[in-house]
């Protein structure tokens, strides 16, 4: 199963990844962290295609994508 | 107009410029002075004036040159790198005997530096950073009220003496907010600008505004005329503030924000029984030499404090009586480098 | 009597608005005020600080080495500035974000207020700065809590005046939390 | 499991100072990826400009020279002429390149300096707090155009990718955006091409990247990103303006 | 007998400092005639530049401001904004306008400042002794291009009349020459049109005049004049580049 | 290389630059220094170096910044207005600790001024015309041979102290022709430029050349480090020439062409039996304070001569013993303003 | 008869007038004057049409043209 | 012994070449030379001047207030500089262009040489400067006439060396005309 990881120390909660994923697998948390950011999280591991579009959109290179090769 | 308003130093400059009747502002953004163009972009057009955000500081100073040559009050403002870029234009204005106000809210340098408060551009301002050995009027406010008042004065002096005038403050004074009274411009009589280019309207003779001086002895005579004008400025327009100097056995001298900090330190010194006074130059050019000469006639210990490794110190040493000892305490610019009153009090104790 | 207060946090916590608010409150009390802000190059994420000096006389130095009161809104500010507070002074910290741990601050009174928590409880995390100001008034008598109500009108742009009631509640919450 | 998307080595693994949703980060990444794909990290010198991208050295793991505001093309010329075997790029904002640095970019382009210029057009002066830029759009409100940019007082926005294409020294010029994944992938391709021009010693190559500045536009990151598609691209069309060698 | 050709009043009756065969004199005359034909002498402010035309005030009987090298368009902007009812023109050489003054001309043009720019292209720095200019032709030898201008090192000559036409603020742009009577008459017409644009408040108008600099070309006046037709015009075509209002 | 060649001062600068191994020259024409780019456009490419006639002085100084950052010897030259325009770039170079040579052949100003000899840019050169309170090395030749020798020295000092160095001459020295020996560059050991940007070649760590200094106390520390470097310069590199000072009862002091003229005047004074000597600073920054202090310990009459209304006079006054009287004779720039030896002799007579 | 006059204190002997006149009515003197200029002179008054092309070409505005109106 | 000569004329009369020529002649005589040119802003029509100081010792000041010899090639130069010549000195004027009229120059010896005329007679008006240099050598023994022959090779660019014989004739003509 392809999946992504989001580095919370990099994520600034901009939400650009959320619009990149056609399957809506990335969302933002409700509550801000200590820097005031509502960071992104990967909501549904099962549906991920590993297409990496979310990562391509992330201005903070917070997303890593894994996939069987 | 006597209700007090709580504004930033930079805003006070912009408000005073409008009150002084500025018709054209030309500038380029740079921290920590961008409040000035921001304010004027909003307010100047309402008075029928022109605001242009120019493509560069060079374009800006040359537009000031043009507008001033055309006889209207014009100004620009900048900081550090931008002021460096304006040097050629300022030199041309000086050479063309043009008025015009330049506001310099100093930041740290050299190079890109940073936006913290600095007084390391004292030499650049007072010695003519540009070529040709001219000088410009330099006024150094130490409060938001003075930012307002001295900006208006800068316009008047600039018109009267036909030379550029600079308001020189550091980012503390520019960014600080205080309550001020937005005084009306004093009714200073101003000379008619019959030298301005107006398109020979009303059948006037041709007017030419230029700095090119090729005739035999023409430029040399101009230099001496400028020199005489600088002397006249020194005699008539030197301004300074003294605080607790009457019985002082030691004089602290500083300008701008440093003088503010020093004043509180002096309160502390007085509380400890040390007879310390403050001499704060308000005009940096003309440098109020007379005040130093007078005070040093009886008080032989001076402490000069600057946000640099020492620039005004030259003027202080050149102004005091020969047998005066002038000590120096510098805190060059940078994050966290502003001296505190406690720290200056410590310095006073050392030397007292 | 000259008062001073130092406020520090990260950009976005409303440090400058808090400073402005206290300034207007002091003006409202008929005092002279010097409000001196400073911030890093970065617009966001960097730190924001300000110092307010107010007095019925001259304000003197806008720079204060050892403030009598510091309001520290995040960990970085606490780590860097807590021990700068003058002896006998007050250090008001945002305990929602700041872990004071075993840090000793002899001679300085530590007031912990869970500002983020209180702000979120009131429905808007951005009111941290209001909570902070409220806490200040509870501990410094020079600026009564009510002086902030008037000050809000001046400190906030007209278009945000509708937020005043909510802000007053946040101020009150801060004041209550900081009450001795 | 293999990591199929990973941080490229030329991009340091640090938190940036950019605001949430700022496109500088994405453009940094694409440039770093282009450098790595050509294996240029140990051969590249970046010329940083003054603007929000001033910390280039903090994010790129290549040698970097800081340039005075607007002068990066001149600094890059100095670097490249001193070390013709190195890959030299500038990274400049719209204030930097199209306002104060007009002379430097036009003349470096005209000389056909063998450098690559990455031009980030976010229609404002980001670093100094959102003043009007040469690319600010008609009617756009900024802190120095409070009633919106007025064509009459301020002129029309500059289309740099097109303007520079008029100069013989320019061999490649293109405009890209990062507002959706498709455009990101296209941007990546064109940025690579720009560097390929330099690798092959073909002269001056230029990329204009449309970018969001949520902070100074006073918008949330997502709406700012949206604005690129709805307002900017119609005015600043994407694509290749000049490609003399069809690389 | 009637005098059918006479010195126009705006042109002072003095000996100029120009070298024999220098075209600055002729261009001065055409500008002065245009001013007089519109009756503008008592309404005009000239902005002199730095170059062989620096003594503008000595030859034109109109008010004149001297501008720092390259900055005449900025100075003119200041003058015009301060006195919008006046006619303001700059008179600039190719070094002045297309090298050091690149930013100022491009931004004044883009803002569409309501001024007229007279640009004298003599492919060299006349006043300083014949160094290479931005318009020096490929292969042309000058004191700083001793082997001839090299496109590789120095780039191609700038075609300013065309380049500026790309900016929206420019309403009229044309290139003229004075190398034969026919071209002189055509130049006269187009210079008049340029001023007419300003008289009617129609925005930025631009004239590029090809000119001989016999002294620095190391040529006799007649051969220098010849070179305009044989070498310059083929590279810098004469005519109107832009004429938005068809005046 | 010991055959004498008869060349212009400006050409000597260009020849020395090539001998010093300059790799890149970037400049813009301006009288009276255009011989420098003209010579180098011809000769530098033959050595494999780069010559670019840049679009402006600003472009030029920034190319110098770039090339110098890349580790090669780079230079520019200009005069008056052009030097003013370079101030921002020079400030960045100083802030980035970059070497680089700037040649300033002074002309009259302010503004466009004219091309006659001037020394009125002394302040601009020695006080940092740009922002940020930096200083640069300033060397003042008084002969064509020194134009050659000091240009080579400028490159070396600039590399050793990692700061810009300026050769400051007036148009007399720049335009004058004299016979010189084109000495080879002395074998001065030079530091390795391991800070230069080279594209991390040979696996080196990342190098960054910048002036931005935002860390707490970082910029302040930099200022003090610069200050210490300036002190080291003053101690080790101050250069001056004394002529007939051993028994002098009066000291004339002047630099550059003025010193040449003064020397002939002093010959005249000696012929009349007046014990007059000459103190000529060769380095203007560092100013050879030690020489003034030493001489003024026993000789109490100084006469400072400048082609300006007085600039170096400040440094002279700040350097001499407190009880020294320093008189001033200035001939500000302009057509026909060069003083003659006869005229200076007259001044000597007045004060002696 | 139309004719032209040439102001010798303005003429710099560049010769541009000589190529302007299709009738070759303007020539340059052989010997230079005290400024070193071989000034122009009007050689054949009879053939002049008063077309003023010589004057149009003169960069120094040294030529005046007269004609019956 | 220090020698100096001042040459002035209008741009185009070859003043600087004349100065260079005399400089090289002095170098050829083993002397140190300072050659100091100056000219107006205008390339043409303006005036051109130079001062040459030469000596077996140091040349000292390149500026000379009262030259021992002045060579004045046009009226303007004569009017302006003739009386600057030092007492006992020599003023060599180009009598083809200069009307000395009733101008009195007490203590200064006036040498009139019709330089343009001589040059034109020799077939090239541009050799005025050579005639002038010849005249100088006839009156100042420090630079023998022959020293100019060698100097010509250095002062003229290679491509003009073919003109050397003609120049030598002009020099001779000047020398002859100035002979006492």
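Chains here go by letter, A, B, C, D, E, F, G and H, matching the order in which they are written, and residues are numbered from 1 within each.
The criterion applied here is as follows: a residue touches a chain if its C-beta (ideal position, glycine included) is under 8 Å from a C-beta of that chain, and two chains touch if they have at least 3 such contacts.
Note that the structure is a prediction, hence the values are computed from the model and not measured.
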Touching chain D and also chain G, the following chains: E
Interface ranked first by C-beta contact pairs: B-F
Cα-centroid distance, chain A relative to chain G, in whole angstrom: 84
Euclidean distance of C-alpha centroids - chain B vs chain E, Å: 39
Separation of mean Cα positions, chain G and chain E [Å, integer]: 25
Distance between chain centroids, defined by C-alpha means - chain A, chain C (Å): 36
Overlap residues in chain E, where contacts from two or more other chains coincide: 19-20, 54, 66, 68, 99-100, 102-103, 106-107, 111, 127, 129, 134, 153-154
Junction residues of chain G, two or more chains touched: none
Where chain B touches two or more other chains, by residue: 52, 55-56, 58, 81, 88, 92, 96, 111-112, 114, 116, 210-212, 214, 335
Residues of chain D defined as touching chain E within the complex: 99-100, 102-103, 106-107, 110-112, 134, 151-156, 158, 162-163, 166-169
Touch list for chain D against partner chain A, complex: 1-7, 11, 15-16, 18-26, 29, 178, 180-181, 184-185, 214, 220-222, 225
Residues of chain C that touch chain A when the two form their complex: 10, 12-13, 45, 74-75, 97, 120, 125
Residue ranges of chain B touching chain E (in the complex, touch as defined): 23-24, 26, 50, 52, 54-56, 58-60, 62-72, 74, 88-89, 92, 96, 197-201, 203, 206-212
Residue ranges of chain G touching chain E (in the complex, touch as defined): 2, 4, 9-10, 12-16, 19-20, 37, 50, 52-53, 55-61, 63-69
